[in-house]
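Chains here go by letter, A, B, C and D, matching the order in which they are written, and residues are numbered from 1 within each.
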């Protein structure tokens, strides 16, 4: 395969963040049969880099440490991503104020900064800016439809002011809330994608992926799919169920998938949140670049054309997706300048036995060991089974008290 | 524990790279009993970010993509590192030209740019800049002592011009070459640290860690230790052997350790290079932050006061080292603003069963599963056993030929 | 729990093999709500003892080494078994002559000897003798219904002559053949049990467990269930599906389960035959006695009252079933004289830390390690997917030729 | 390989137990360079069959259930064993009365019955009868040398009366006690073998295997080695150390090894007793027959000619040893009539994909999965470190009290 690197190569230099409209919109690309590559998850990547706090998982870094967020955007762009999602995950006001999380920035400041950073880097490579909203504590606390919609509306006002290219409602566990989000986003006239964090077993109320997808398409989403919570092949499976049901219903949509970069064969319906390793012991589950090749191929073969990543993705994971699909796309991502196809760079390694690994069949067949003989290969998921409306899931502005913690500790030992 | 965050907090903003001398030198700090925290390995971290090519592993990114290198320096600084090592690994001219690696920058340009970046970020936090040299293809190709020393000298000239704070000769597999390096570095009058990439079984000629250390101290190294190739507890074990032998010989030194962030219980004497997972399938071996707490404590208890990381380390691993040793040091690193001690940030998590994990004993006792039921927990290392002087290890300017590759593939199947 | 040991204790001494009718028949026991405990699989146990050849798996030992077969019967009796199954597995004439298997005994001799041995030991403990038939090469070779039925008839003639207490048609992969067997057995007027070697996915023609059970009951089986091919909990799951379907159809039956003593979470529809470890590498999958406690409880809770074992069962596995159900049955098996409940015998161990293991919660929670760090926890099953009618499954009197073997070896490498 | 089966084939029929002297003694055989194959461990095998109680581990079954013990002897004989060890493990009077163990037979009765059974079966195949003594509670309780020796003498009197062919002092954790035993046994004039249950780290007082062996040879043992407590390759390693030291000391001896049939890579110095799986969760560690091939070859290559087994060995394990060494011995064991070499019997299997496994390279390279994804591959050993003289190790006639148990439970949770 002799492929040119992406022509619109990011320069890495400083750019203004004026809105240079990308050459083609998301729907034009998908309608034309193009593969659109998404970026990876920001909260996990920036947590490891020291800019996001695990627990609240809020994106104040967009305002607080813009250089770190911009650098991550740029790395995903170089890796082949066509979409820069604004780093606005959990940036709704009700979430920013949850359980004693103290921030120096308002929700509006964070959302605005995130839009500017995404646009600045998108301009370096003809990528699209997607404004994102996600599930809210208000919904879990049983607030009314109009209250929840007002939450989405607040973020949306910033996205419109900053003129993002399209909108994503993602990481919803309940299709009902996702439908509400889509209804709000649709009012803007921008293209709308909707992505649930569910697996083949469906949402937290037991609605199947197929039924979820049908509802979202009917609500106006042009792109539907799943993100987060499960590993790539599980997510692809869920999106296949969505596609089958949408087609069965005589509807039409594009499909997206942005899974975890973790192996999760042992998850129950709530995904990796239930695994005992979440979130600070997931390392042994991190997927290799070769796992990503397989994922990209499976997703593409399933008819999914918007293919990206979520928690656990590092830039090299997205690059592997772009490399696997380079024959279809006709070009390699910029960052492949620093990566030999299927390990070919090892031809330059000093040690001869490592040079002997410079071939596809070696890496494709490798079953990597964990180096952890005292650890099992699977875990038993927590199965608390609580969801919307449960007292323990309610929005709470003040910090979790010691009494509350003690009750949780005791309960978790049962 | 109620600890203030590091007072000399990096601002994250732009800084000039003029040489602001840090307040205390490396030997002053170690002599005073201070713990000095090192940074993590740059080649692996930047390979994942898309700026270093696995195979040649050369550091041209220092000149080519300075913003990416600077960002990584800054993340390690925020994580607690007191030392910014210049990103000059494998930046000797003989290595830069090896096996068809084509670069747009000269060795001098790369070394200079690396010094500037390290200094710029070091100034953000009163850290020290260490200029680093490492093993050379010339040595493996049986070049003479004077030829090999000339290679080191060329890099050293840049370090002196840029006035680094001290020097590290690291990643040597043969103590003989390391001694040569120390002899060259000593001529500058700067403090010299020497670190071998060996485990308890000693160097590639079978010289024990203890004997290696004695030779290095006699050659003039003030700090000795090991880096890379083995997991933290194995490296600590090797440095303990060094310390015992140095003391036994009536000599005096400080000790350093900068291990892998990978579990390697199944390594032979050449370390993780021999593992079938090297370098593209190591993910299941990545250590958790809690593994790092244990490592930091063990290293400190062994009398090692310069404690850092090498390949596989991400900023959060270094932060864990700094957090474990915060009681001794009296302060937390800057990036702990975004990290609750022993998982305390999870008190703010939405899901109650995740809040129940906000406690030390949960994470300290967790045996994380790999999610890979088709993979074993250990591997059988390659055992080619070739070293200095073997035809396959010779420096070669032209690219590895297809014939050469075929021979290697065949040999690896035996 | 203070329970008496089984009153009708086997003496271990010599007994005549005259037909001493047991006090109650199988249906009387089940109708009365009694738990009937089966024995374990003979071919695997006697293969390990040196009396059965893996490959043909034929039971000539009944005639050839009666003392060994009798001893195994006695061990299962002591362990609590209420049923002595005649060791007549694969004792149909078409199977005895398959693929070059050379035997010194006729089918009739083997079947007769097996009946005598079962009766002799049954008399030592008021157990029932069950005559067993199983799947035939004739069926796989697409012989007609009347030809296949004639095969069963030949074995049956011996069972009637020897006056066994009831009949079991077991280890059928195709419900069609099992129905034929039941139809033949029913003509004798003896109670008939029918057991398929299938899991929740159904038989080799894709007939669900529920539908299979309904057909078997309609054909006249009073007891239905599954045996072999899957681990205990999987088999219990399949029998639950049978029970639900039988009840749904307004029919009535008793239920039996005689699973493997191997963990098989990674099996495809054909069960452990497909696992790469079958039959000479299954050791790491062998279940502990504590796994058997869990199995017995699950089976009983599912309403299954005929609970035994198949391949992999050793006497101590059956004893564990009997010990778990001792509260319901009101007595312990004879062999519990040599076994403390839940490890209580360890109170007499010399080492104090082993005495500390003399408690239920220790063993109930133990996750036993394999001591095999180079092995995975799951396998990928072979998936040849061939079944009835495939050329490779045809009955063949002459030995497998070298050419035939070579073709198989090549095919297995694809 | 075309080998005849053992000429002196056991008939399986009844034999008188008069002392038919075998044609050649143990030393004649070893001196002539013959390979002598031992039997497997009786306590574990008979525990699974329901005749031995785990905890006391005493051999009353020799008197209580002679048919069961005889059958096991016969199975090992058929599998190729040349030595029938009397089932007199822990048959010293001080052990028989330990911690509330209630027996209906005297020590003398048990020892006599065991000799008769061993002889009866030995006569079926020209095998040797070895009378065995092992470690005593008296030694652990710090009784005097003369008291301990008197214990051995009592068993020995029976062995002499029954005219066993040679003597084995086995399963000693302290070389001091083993030397005492050898000194007693030597007085009989019979050949004496001495076998410690230690690994490469030496005995419980830290005496190295080499030093242990030298002491035993000097005390008069003609055969030295190790048995039990560790897996085969570990035991071979320890015996190699013994051989090197004996030769270094200018002494002369034969060597024996009778290891566990369990993988124990994670054992500390006290072997499998310390593993959390001991004794009721060892199943996943059971070795395959192919592991035994490797063991037999390694032992033979190390110059060990008395090669047998201990706990965990089933007859098929011994058969595998005999099959591996058939080329050297010139014949196959009787039980190989029921076993194809390296899986060749599978040529007769019904399923074609199983016939495809009828070849050496398949089984030699198989890495068998455990089917236990929730279990690790290694365990952390208990490390109580108590030995001779510790209060908890003292002989105690009365049963362990509830108070004593509670203290142990509490201690084990620390």
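The rule we apply is simple: a contact is a pair of C-beta atoms (placed from the backbone, for glycine too) under 8 Å apart; a residue touches a chain by one contact, two chains touch by 3 or more.
All of these numbers come straight from a predicted model, not from anything done at the bench.
*Asks:* When contacts are scored as defined above, which chain pair ends up with more C-beta pairs, A-C or A-D?
*Replies:* A-D
*Asks:* Tell me, please, which chain's centre (mean of its C-alpha atoms) is farthest from the centre of subunit B?
*Replies:* Max centre-to-centre separation from subunit B belongs to C.
*Asks:* Give, as an integer number of Å, the spacing between the C-alpha centres of subunit D and subunit C.
*Replies:* Centre-to-centre distance between subunit C and subunit D: 31 Å.
*Asks:* Measure off the straight-line distance from the CA centroid of subunit A to the CA centroid of subunit C, and report it in whole Å.
*Replies:* The computed centroid separation for subunit A versus subunit C comes out at 50 Å.
*Asks:* Based only on mean CA positions, could you tell me how far subunit A sits from subunit D in angstrom?
*Replies:* Centre separation, subunit A to subunit D: 59 Å.
*Asks:* Show the residues in subunit D shared as contacts by 2 or more other chains, in ascending order.
*Replies:* Residues 266, 367, 372-379.
*Asks:* Touching residues of subunit A toward subunit B in the complex: what are they?
*Replies:* By the definition above, subunit A touches subunit B via 12, 47-57, 65, 67-68, 71, 74-75, 78-79, 98-101, 137, 140, 231, 262-266, 273-290, 314-316, 319, 334-335, 337-340, 343-359, 363, 366-379, 382, 384, 386, 390, 392-393, 399-400, 404-405, 408-409, 411-412.
*Asks:* Would you pull the subunit B residues touching subunit D in the complex into a rising list?
*Replies:* Counting only subunit B, the residues touching subunit D are 367, 373, 376-378.
*Asks:* Which subunit C residues qualify as touching subunit B in the complex?
*Replies:* 266, 372-380
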